[in-house]
Amino acid sequence: MKRSKRFISEVLSTLKDNIQRTGDPFGIKSVYWTGWTKGLDLPRSGETILLTARMYQMLPYITNITGLVASARPFISRRGLATIVNVGNRIMGDKILKVKSLGSKNIRSKGKKVLTGMVNALSAIGQRPAYLYEDEPYTGVLLYDLGLDEYIEDHVKKVYSLLKNHNVKKVIGVDPHTVFMLKKIYPKYITNYDIEVKHYLEILSENKDALRKACRKSLDKEFVIHDSCYMTRELGIIEQVRRISASLDITIMEPENNKLDTACCGGPIEYAFRDLTEKVSKTRVQELSSISKNIIVECPICLINLRKYEKEMGIKVWDMGELLFEALVYDNKKFNNSYKS
Amino acid sequence: MDIKESQSLRDTLLKEIAKCRACRFCIDVCPAYQASEWVENMSPYGRLQILKYLINGTLEEDDPLIYSLYSCLQCGRCDRLCKAKGQNLEVANLIRLGKYLLSQGLVKGKKSEKV
Amino acid sequence: MDINMSKLTKDLGKIVGKEHVFTDKPTAVVYAKDTMPWDVEEKNIPYAVVRPSNSQEISKILKYANEKLIPVHIHGSGTSLVGLARPKTKGIVLDTARMKKINVYPERGYFEVEPGLHLVQVKKELAKYNALLPLFPGSELVATIGGTVAVNTSAHGVDAALGKPGDFVLGFEVVLPTGEIIYTGTESTRRAAGIDPTKFFVGSEGLLGVLTLLRIRLLPLPYFKQIVAYYNKTEDIIDTVMEMYKQGIHPPLFYEFLDERAAKIGFEAVGLEEPIGAVAMMRVHSWSKVGSEDKAQNFLKFLQVGNPIEAKIVEDIDEWNLIWSSRAEAGNYMYRLGMTFGSEISPRVDKLREAFHEAQLIVKNLKSYNNAEFISFGHIGAPTIHAYAFIPTKDISNDLKKALTLEMREKTEDLNIKYGGCGGEWGLTAQRVSFLKKKYGESLYELLVRMKKALDPNDILNRGNLQGWI
C-alpha cells in the first residue's frame, strides 16, 4: 500500500510512453513476436489474419520485468525505482530481450507450441489464416484496462489503418483481451468499423466435426477448466471450449466457480501488487487443483499467472492451444509424460 | 482531457454512482476483497464510495486511495450480483473510469489537474 | 475529543497487529457508509477501523476504549435498514469480518459460528448436514450471523410459522462493553430455562456486548411446497391473511405478495406475462414430505376464501424461481425509475386492512413531497406491510432524502402504534428510537437506558444508537 501512488504513476507513465513511442507496452522496438512462425509458412497477406497481438510472445518479458521490479522494490530507493521503471526503460527496453531469467526458454517454447497448435487446428479445418509478421500490432488493451482512455484513440486509429492497409477484412484473435478490444472498444473510436472479429475457439467450435476428423489421436484425459473472465463475462464465449474438448476426447471437469461465475486468476494487478495477486492466484489454484491437477486455460494472462504455482502446488497448466497441438501431432509419449496423474 | 471533459466525467461518475444503494451484495465475489482478508475498501462497493467521496472533496488522491482503486482486477464478477442492474449500473466500468479520472494526476508529461 | 492519532494507531496495532488497523480516510469513509441514502458526515467518519480475530483481542480493545473514553461502533455487514450501522459519533469501528470460523457438531445437535460469517456461507455449510438456517433476510448474501442475531430478525420468514433466530440460540460467548468475556446458555439442546442471560444479548443491537461466538441448534431442512395465487386486488390478499389467523391455520413459512403496481414491474423485469392484479407467493413447509403435500392441498382449498383468479401449486422449479425472483427484481427495477422510501408496518392481525389503507393515505399526503406514488410488496403473511413512497426522480437533494426517510418512518410508526404493532424486522434503536418511546412510553425507555448504563457505564458500544442520533 505504501508508495502506491508513486509506483502506479511510474507504471502508467512508462506504459503510455512506450506505447506512444513504439506501439509496444514494453517499449521494445525489435521484433520479438515472429519467431514462433518458423516452419509454418503462413502467407503474409490475406483477408483473414491471425492476430496474436504479441500477447503470448510477451510472456517471457512479463516474467522478467515484473520479477525485476518486484525483487527490486524492497531494496531500491524511490528514485532508483523510478529509474528502472521509467527513464531506464527507454534504454533497457530492448536490452530486456537479452536478459535471461529462470524458465524464460521454457515459457518461450510453450508459447510457440500454443500458437502452433492454434494454427494447425485452423489449418486442419481448412481455415489457414494469413499473418502480418513484423507488421503485427499490439491492440492497446492495457491502455483500456488501466484507464488510460486519453491515449486509446490515437493507438486505435494507427492499428486500424494498419489493418486497412493490409486489406484485412476478418481478424481471428487468439486471446480474449485482444478480441474484446477489437470487438467492443475499437468500434467506439472508428466510424463505420467493418472488421469482423472472432476468437479462434468460436471458429473451431463451429467446425468441431472437421476438427475431430483431423485429430491424430484422442487425448482421453481429465482436465479442470479455468474459464477466462473476459471470455465468459465480456464476450459470452462459454461452451465453445467445452465442445472442442469433447471433440478431442477430453473430459472437462467443472470447478464450482465456472462459466459466468468464473474466478479471476489474479493477472490484471500482477504488475502492481504482487502480494495481493499471489493470494488471488493461490485461492484459485487451490479450488482448481482440488478437482484435478491438470488445468486448462484459454488466455495468456491466466497461463502465466497460474503456471507460477506448478511446482509449489503440483499442478500442470495447459493452454487450449497446447492441447490442440498434442491432438494433431502423432507422438503420444511426450504428452503422457507431461500429464499430471 | 480538458477541464470541460474532466468536469463532465466527474458529473457522469457521480450520477452513476448514485445508483449504488450500498447493499454490499458485490463484496464477497471480489477477488481483491477476498485476498485482503475482507477489507471493505478493497471491494467494488468500497471503490465506488471512494470515487464518490474523492469527487465531492472529502477524500484526496493518496496512497490508500490509489491502492484501493488500482487493486480492481476488472474481472466483472461484481456486475453479476449488483442489485442495481435494473438501472444499468456498470460497476467494473465505473471503477475503470475512475482510473481514467485519476490518470490525470498520475501520468507524467501532462499538466496535472488535481481532482 | 482530542485524539493523538499516531498513539491510537500504535496502541491498537499492539492489540491486533498493525496490518489490521486502518487509519486512512478512504477506509474510514467506506466503513462509515451504510445503506441510508444521505452522505456520510465528518462526525460519522471513524478515527480508525480495527479488525480483531478473536474475543481476547476484542476484550483488550474495549478495555482500552473505556480507559480512553473512545466510542466503539460494531460493524457486521453495514446493511441495517434503520441506520444501526453508521457510527453516530467519531470513534473506532470494530469490524468482525475476520471472525468467520464455523463448526458443525451433528452429534451434539448444534453448530458454533463466529459473528462475521455471511449468512449465505453459513447456509452453505449447514446444507452439507441437511440443516436449516432459521433466518431469512433478503440481504443474506452479505448480512452477518452476528448482526442478524443481534437484531433478532427473521425478515422474510413468518414468525408464527417457525420463530425468530433467538429461539434457536443455545448460548453465546460475549464480550461485555467493559471488556469481560462471559459465556451464557448451555451446550445441551435443551435450552436453559429461567433468567438465562443469553436472552439479554439476543436482539441487543450491539448495545450490551459484542457477540463473539454463537451456538445455535441444528434444525433439519423441511420439505417445501410452492403456491402462487393471482388476485384482482391487494385487498383480497389482505383479507386472506386475516382469515388465516382467524381460522387458526398454520401459516406458510414464506408468505409474500406484490401489489398491483409492484407485480407489473416485477413480472416484467423477469420476463413473465403481466398479471391482472396483485400476486401472492407462498412456501408451505413441513418436516415430512407427505405432510408438506397435505398442508399445501389444504392451504390451496383455504385460499378460495379470498376469491383468487387462480391459485395453484407450482411443481416446476424453474417456473417457481422466476416467480419468486420477481419480488427482488420489483425493488431493483423501481430504482431505475426513481427512488423509494420504505417503511415497516406490522399491525395487529385484525387491523391489517385498516392499517393498509392508512399507509396508502400517508404516502399520498407526504409533507416533504407532493404526489409520491404508493407501492407495497413483502411478507404480508407475517403480517408486515412494507409501504413505499416512490418518487419518480433521482435528482433530489441530500436534505430532501433525509426528510423523506424520516417523515415516512415517523408517520408509519404512528400507524404501528395505532394498530398495536411492534414495527417489524429492522430493530428498535437508531432511527427507531422515537417509535420506541412513543409505543412503550418513557418508563420502558428509561429502563433500557438504565440497563445500558449498568453494562456500559461509559457508553462505549454503539454510542448514539439508543439515543436515536442520526
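Note that the chains are named A, B and C in the order they appear, and that numbering of residues resets to 1 at the start of each chain.
Throughout what follows, a residue touches a chain if its C-beta (ideal position, glycine included) is under 8 Å from a C-beta of that chain, and two chains touch if they have at least 3 such contacts.
If you're wondering where the values come from, they're calculated on a predicted model, not measured in any experiment.
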Middle chain, criterion being Cα centroid separation: B
Reference subunit A; chain at largest CA-centroid distance: C
Where subunit B and subunit C are represented by their mean Cα positions, the distance between them in whole Å: 28
Between subunit A and subunit C, centroid-to-centroid distance (C-alpha), Å: 46
Where subunit B touches two or more other chains at once, by residue number: 62-64
Subunit C partner contacts - residues on subunit B that touch it in the complex: 18-19, 21-25, 27-28, 37-41, 45-46, 49-50, 53, 56, 58-60, 62-65, 68, 81, 83-88
Residue ranges of subunit C touching subunit B (in the complex, touch as defined): 22, 24-27, 29-31, 33-35, 37, 39-40, 51, 77-79, 95, 97-98, 100, 116, 118, 120-121, 139, 141-142, 269, 328-329, 331-336, 394
Complex contacts: residues of subunit B adjacent to subunit A: 1, 29, 31-32, 34-36, 61-64, 66-67, 70-77, 79-80, 96-103, 106-109
Residue numbers on subunit A that touch subunit B, as the complex places them: 1-5, 8-9, 12-13, 16-17, 86, 144-150, 229, 233-234, 260-261, 263-264, 266-269, 272-273, 276-277, 279-280, 283-284
